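After this come two complexes, each holding subunit A, first together with subunit B and then together with subunit C.
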Partner chain A sequence: MFAEFWAILFDWGAIDTWIVLTAALASMACALPGNFLVLRRQSMMGDAISHTVLPGIVIAFLLTHHLLQSGVIDDSSRGTTMHLAMFIGAIIFGILTALLTEWVQKLGRVESTAALGVVFLSLYAVGLLLIRRAADNVHIDPDCVLYGMVETAWMDTIGESSVPRMAVVNGSVLLVNAILVVLFYKELKISAFDPGLATTVGVNASAMHYGLMCVTAITLVASFESVGNILVIAMLIVPAATAYLLSDRLSHMIVISLVVAAASALFGHVAAMTLPPIFFRRIGFTTVTSASTPGMMAAVAGLFFIAALLAGPRHGLLSKLLQRFSLRLRIVREDVLGFLYRREESQQSGNEPVVISRKRISESLHHAGWILSTLAIRQLLQRERILMTPEGYRLTESGRRTAQKLVRSHRLWESYMARHFDLPEDHLHETAARVEHFIDVDLRETLASELEGLEIDPHGREIPPAVDEPTAD
Partner chain B sequence: MTSLRKCFQSQWSTKELLLTIGFFIFIAVVLMADAASANEIGHDHPPSRRAAVNPSFGHVVRVLTLQDYNTRVVLLGTVLLGISGGIVGTFMLMRRRSLVGDVVGHTALPGIAVAFLVMEAISPGQGRWFPGLMMGAFIASLLGLVLTTLIRKYSRIREDAAMAIVLSIFFGFGIALFTIIQNIPTGNAAGLNHFIFGKAASLVAADVKFIGWSSLAVLVMSLLLFKEFALLCFDEDFATTQGWPVLILDLSLMLMVVTVGIVGVQSVGLLLVAAMFIIPAVAARFWSDRLLWMTIISAVLGGVSAALGVIASALVPRLSAGAIIVLMGTFFFVLSLILGTRRGVLRRWLIQLHLRRKTARLDLMRACYEYLEPLIIKANGRAASLMTKQTLEFNRLLGMRTWSRRRFNLALKLAGDADLIYSLSPTKFRLTETGANEARRVVRNHRLWELYLIHYADVAPSHVDRDADTIEHVLSADLITELNLLLAERFPHMTVPPSPHAIDPHIIESTEEPAASAVDP
Partner chain C sequence: MIDDSRVDADEYPEWSPLSIHDMTVAYHRRSVLWDIDYHAPPGQLVAIVGPNGSGKTTLIKASLDLVPKLSGGVRFFGKPYRQQRDRVAYVPQRGSVDWDFPVNALDVVTMGLYRKIGWCMPVTRKYRQMALDSLDRVGMAAYARRQISQLSGGQQQRVFLARALAQDAELYLMDEPFVGVDAATERAIISILHELRSAGKTALVVHHDLQTVKEYFDHVMLLNMRLVATGPTSDVFTPENLKKTFGGKLALLDQVGTRMSIGEGGK
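The block that comes next holds the complex of A and B.
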């Protein structure tokens, strides 16, 4: 299978490089405004605009087509005029979407997402209607609107060079977006995180809002031709959301989103080249040669997102689970030590060490499962906090010191609660049993000095003295 | 998992659980039955290919009187779809999840594609088996919704981004699979593109049967669980604390959305199916504040716009039925936005207009009283007859308040229409008997409120006038009674209490009388 994979990749030619480059430039151009849409919780606005630029483009197309036919515009500038008209149409409809949504929301007191839905679906329906009506006399292919034409980008080049026109368009949009982000970085940042504050310090938050909508619309139209109408939304939101999971700084987030966008273009095209022949021929579809590159790009971006969702260093689900597990493990470890310490306190006679059986320890840890308690005891043995004897377990010297600190925290907290809060006696233990794991040496000694050398806790037991040298655990 | 377990243990769960499972089985049975009948009925009535010319008169009559079998079938199917979309959409709107329909539509695509590929792989040429495609769409959409919920719940990604991510990734994957399908010899004939743009105009009897049974299931389900869904929509936390199986209810609502969604995908297309949910529901919101009425209105609007859309697309050539159905809905939305009896713009505007006019009239009456007040105080006890005998001058009255001449003229006209005043000459007029009473009442309310503010709200006497100005027009009868009691304690002999502050500096200057009204309580 790998041999097959490399054999296909060996055929990689200049065309593939151009496809990847064009797609990467398009998706990077989309990812830039996408960052701010995600932060401003307007992702669905991006989705909406990606739909509503359709009527804008169709109307602009029909209008210029009409003007060209009636001879108002010279036919020699056909391509440029068409493109300019499409851009203008898209911008108008992008802003119209934002304006109409706000208007419906205010005038009809409709919830914002519902208002957005009504507006963009209606405008999109208009677009579809116009396409269908116009399809006979004008050539607009609904399929190319949906799928994009990045695979054939290399056919339409600039002059005599082999640089595809689409790559140039996407590259310039990326450049403009980058310049805008650098110029308005501070304003964009403050209005994304705190529009109220932005207004008070003199940044026009609504100008930023409409500016962003405008830039989004332009970017969408430019990338629209290469990656298709609906897929631009994947490139708009998914890289930015992936970056949002991986970073807490806006600058890092933007850089990561660009990297993710470029990587999805590369791996998306590789997947589109290799996956169909390798996978689909196996299951009996021998005629399948390749799949849509934009479609695969979206799927690959999705994989990146899932990877970030699961394995992200700070916000990833796995790392969160791991953190939670290690915290629970520490609590169980400390509970074992605390239990042994209390047993020693109540049972000790002479210098005989108190040995407790495994069964008794497990019973005391009623909230922890078998896995946690086994792991905790093994770790304690490794760290030489407890010793194993034929009859059970007993504390070592270092274990006793750790446990002493814990029990001291517990009883100090109980005493403090009893003194300062009007709680019945039987309510103290539960909270103290939770809080004891989170009281460090500073807080412990502060509590002790607050209590002015109190030696007996509310239940009549002695509060153990402070441990001199700090031990690690 | 614990919450799921709790759901099953909860005492309420039996009914909901059974209904949900029943719903599932029902849909499966319908799909199977449909599969059996599709082969017999499906090809008996192939969609008629209409010529792309302007419709003849005969054609119009045939469509409108539903003589065409095909039109009848299509109409029935889309109307049923519109109705169930409207019902489910109302619940989604109230749960603030209107755009869920969009997710359902887009995520159905890879399901259809995978189902097609799987069926092709098992037995080539059988990929278009309709129930199989629908099952694929159903599973993919449900998966999409569940993923959206999971992402929202377990990561820092918010709901809007979660929806955008899920729908775009699923859609992208679907598009990739579709391009693969096009490479398969039988794939070209598959006509799977129907699912993207819809094929409302060429529904056949078997499709309509499927739509009909699904709609019926949604209808029955929402009727049986109406109370539960209402509770879930309005106060999820309360529902949880009351022990309702919120998770199962949420799941059954999702099931309903997905069912209507995939059925809609087939007729209006996956790009526009969201509109079937959102637009009728938002439109219905303008007509009623009660969930039951909203649901009914939304269902009616959904059905009517579907019907109008189908008829329009049957009459006019090259009119995409899906788009025109959506635009009919939009038309009703705009209509409701303006005319809605509950939240419509026109109603609100009329209320505001009415209030403005009432305020202007009352302000005039108060100005009249304050104009005459020095005399009334002097003629202690004989006030009633005095007020109707005194002539009021236009220009001096205009100076009593800071109002524009236009508003003042409006107020005069309104007061004249209501027989509160009658004019003697263009610049002079008098109060009628009702006018005098009204003036007394208004000033009384105003001063009662001032008194209240000073007494209870600890507002300085110099500040109360403005506050009272805005509130006096909306004081309720109960409040007036209460204030009257307070007044009786303070000023036992007076019908209209004295003003707690100077009326208006330049008026007092212009009156010969000393400012006797300035009594500080």
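The block that comes next holds the complex of A and C.
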């Protein structure tokens, strides 16, 4: 299977490089404004604009076509004029989408997503009607609209060179977007974070808003041709959303989103090359012989997002599980120390340290399970909180200090509860056994001062005195 | 909106950090404010006190042009807000921003300096140091690199305060800075307020805790859709005035105001 994989990749040619490059440039160009859409919670605005630019493009096309035919515009620069007109049409409709959404929201008193839905579908419908109307003049291939033409980008090159025209277009848009983001970094950041503050420090937040809509519209239109509608929407949001999960600084988020966008382009193309012959044939779909590169890119971007969701440091599911596990482990460690400490208290035998057999300890930890208990005891030995002797375990000096703090927390809490709640004595221990693990030195001493130097807990046991030097545990 | 450009200087004296003249606000089902006339005393700590929905936040927001006024005018040190942005700092309610935003405490404080830094200019070390100094003043220097969602509520409030301090303004408008903060933050805010007053600056603070008004503030502004009373705390913060302020809304004011805000189409 791997041999097959490498054999396919061995055929990697200049065409593949150009496909990946063109798609990567388009994806990165989209990812840049996407960061700010995600942060402003306007992700759907990108989706909407990608549809509502359609009537703008069609109107511009029809108008220019008409002007060209009637000879108002010189026919020699037809291609350039057409492109320019379609860009302008798209920008106008991009801004119109943002404006109309705000109006509908205010006038209709509906929430912003509902307003967006109304505007986006109406304008899209107008666009589709116009296309039908102009069908004589335009040839629109649905495949091309959805998936773009990145796979054939290499055929349309600039002059005599082998550089695809689309790569140059996408690269230019990326460059312009990058310059804008660097130049207006502060302004974009503050108006996304706190529009009210932006206004009070003299940054016109609504100008930034419409500026962002302009840039989004231009980027979308420029990237449509190469990577198509689906990928454009995916690349506007998914890399930025992935980066959001992985970073806690805006600058890092932007860089990560660019990396995710580029990596999606590369691995998407590799997947499109290798998956159909290797994977689909094996699972019996012999008719699947090729996959669309943009489709695969969007899928790969989705996988990146899922990976970030699972493994992200801040919101990641894995890190949450890990945190929970390490908390449980700490509680078991502290329970061992507390158990040994209480045993020492009850069986004080001169100056001889009290040694507890392994069996007794594991009995006391029956609730924790084997894995946690074993791990906890190993860590305590490593950190020299306990010592192993032939007969069992005993506390070390540092272990005793940690245990003393714990038992102090426990008994202070019991005393505090007993004083302020009218609870029977047997209700105190269980909560305290839980709470003791969450009381730090500050809280402990606050409790102590509230209790005004109380020395005996409600069960008649001594509350151990405060430990002088803090030991890390 | 009524043109107030010809109103003479008596109504907007230069000595007052914030002069409000006959301001009425009825905005999109928000709290309504009627005919507010007010001159903030310079160099004092002023509490804005009133029941929920009495228009405390609206008063600040309308003064800063963040919500539209139906009529009346506002001047800062005798001039319109547009010309005085440098001299006014605003501390919004903590709930007004997304604390999951990928910025750290230092970034947020630096935002207060954006006006000084200027459009399109990068944040240089000098400004970062200024922001760090402000964080230090509220006892938050150790948390400068902490992502803001990792801060406690009180720490978040202190970050907001540090941002206003970084702006180095002369008038500070603070919306409920004491809500949901710990004792350490409350002490930090109070000591900052005292520092500001010693430096001859003015602070208008929306405050909800009637117990501490006398202790913390020199002046008070009692608000319930209209200005009930204003003046030195010792004169104005009396049981009779409080009864007038908190003794139920004037239902008619509310009704008419709501009708007007609908009539205006929430503009």
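Some points to look at:
Here is the rule we go by: the second predicted complex is superposed on the first by the 351 of 473 C-alpha atoms of A that agree within 3 Å, B and C clash if a C-alpha of one lies under 4 Å from a C-alpha of the other, contacts with A are read in each partner's own complex, and residues count from 1 in each chain.
As a convention for this text, a contact is a pair of C-beta atoms (placed from the backbone, for glycine too) under 8 Å apart; a residue touches a chain by one contact, two chains touch by 3 or more.
The structure displayed is predicted, hence computed values, not measured ones.
The partner that reaches more residues of subunit A, of the two candidates subunit B and subunit C, is B.
Shared-chain residue A:V118: touches subunit B; no touch with subunit C. Applying the stated contact rule after C-alpha superposition, one finds that A:K106 touches subunit C and leaves subunit B untouched. In the superposed model, A:R419 makes contact with neither subunit B nor subunit C. Look at A:R434: by the touch rule set out above, it reaches neither subunit B nor subunit C. In the superposed model, A:H252 lies in contact with subunit C only, and not with subunit B.
Contact with subunit B, but none with subunit C, is seen for A:R132 once the two complexes are overlaid on the shared chain. Of the two partner chains placed by superposition, A:R324 touches none, neither subunit B nor subunit C. Once the two complexes are laid over each other on the shared chain, residue contacts for A:Y244 go to subunit B and to subunit C alike. Applying the stated touch rule to the two superposed structures, the overlap between the subunit B and subunit C interfaces on subunit A comprises residues 41, 107, 109, 244. Within the complex formed with subunit A, the residues of subunit B that make contact are 93, 96-99, 101-102, 106, 117, 120-121, 124, 151, 154-158, 160-161, 163-165, 167-169, 171-180, 183-185, 193, 196-197, 271-272, 274-275, 278-279, 281-282, 285-286, 318-320, 322-324, 326-327, 329-330, 333, 337, 343, 345. For subunit C in complex with subunit A, the touching residues are 61, 64-66, 85, 88-90, 92, 96-98, 101-104, 107-108, 111-112, 114-115, 117, 119-123, 147, 163, 167, 265-266. By the touch criterion given at the top, residues 38, 41-44, 46-47, 51, 104, 107-111, 113-118, 121-122, 124-126, 128-129, 132-133, 135-136, 142-143, 146-147, 228, 230-231, 233-234, 236-238, 241, 244-245, 272, 276, 280, 283-285, 287-292, 294-299, 301-302, 305, 309, 315, 317 of subunit A touch subunit B in their complex.
Contact residues of subunit A toward subunit C in the complex are 39, 41, 106-107, 109, 183-187, 189-190, 192-194, 196-197, 199-203, 244, 247-250, 252-253, 314.
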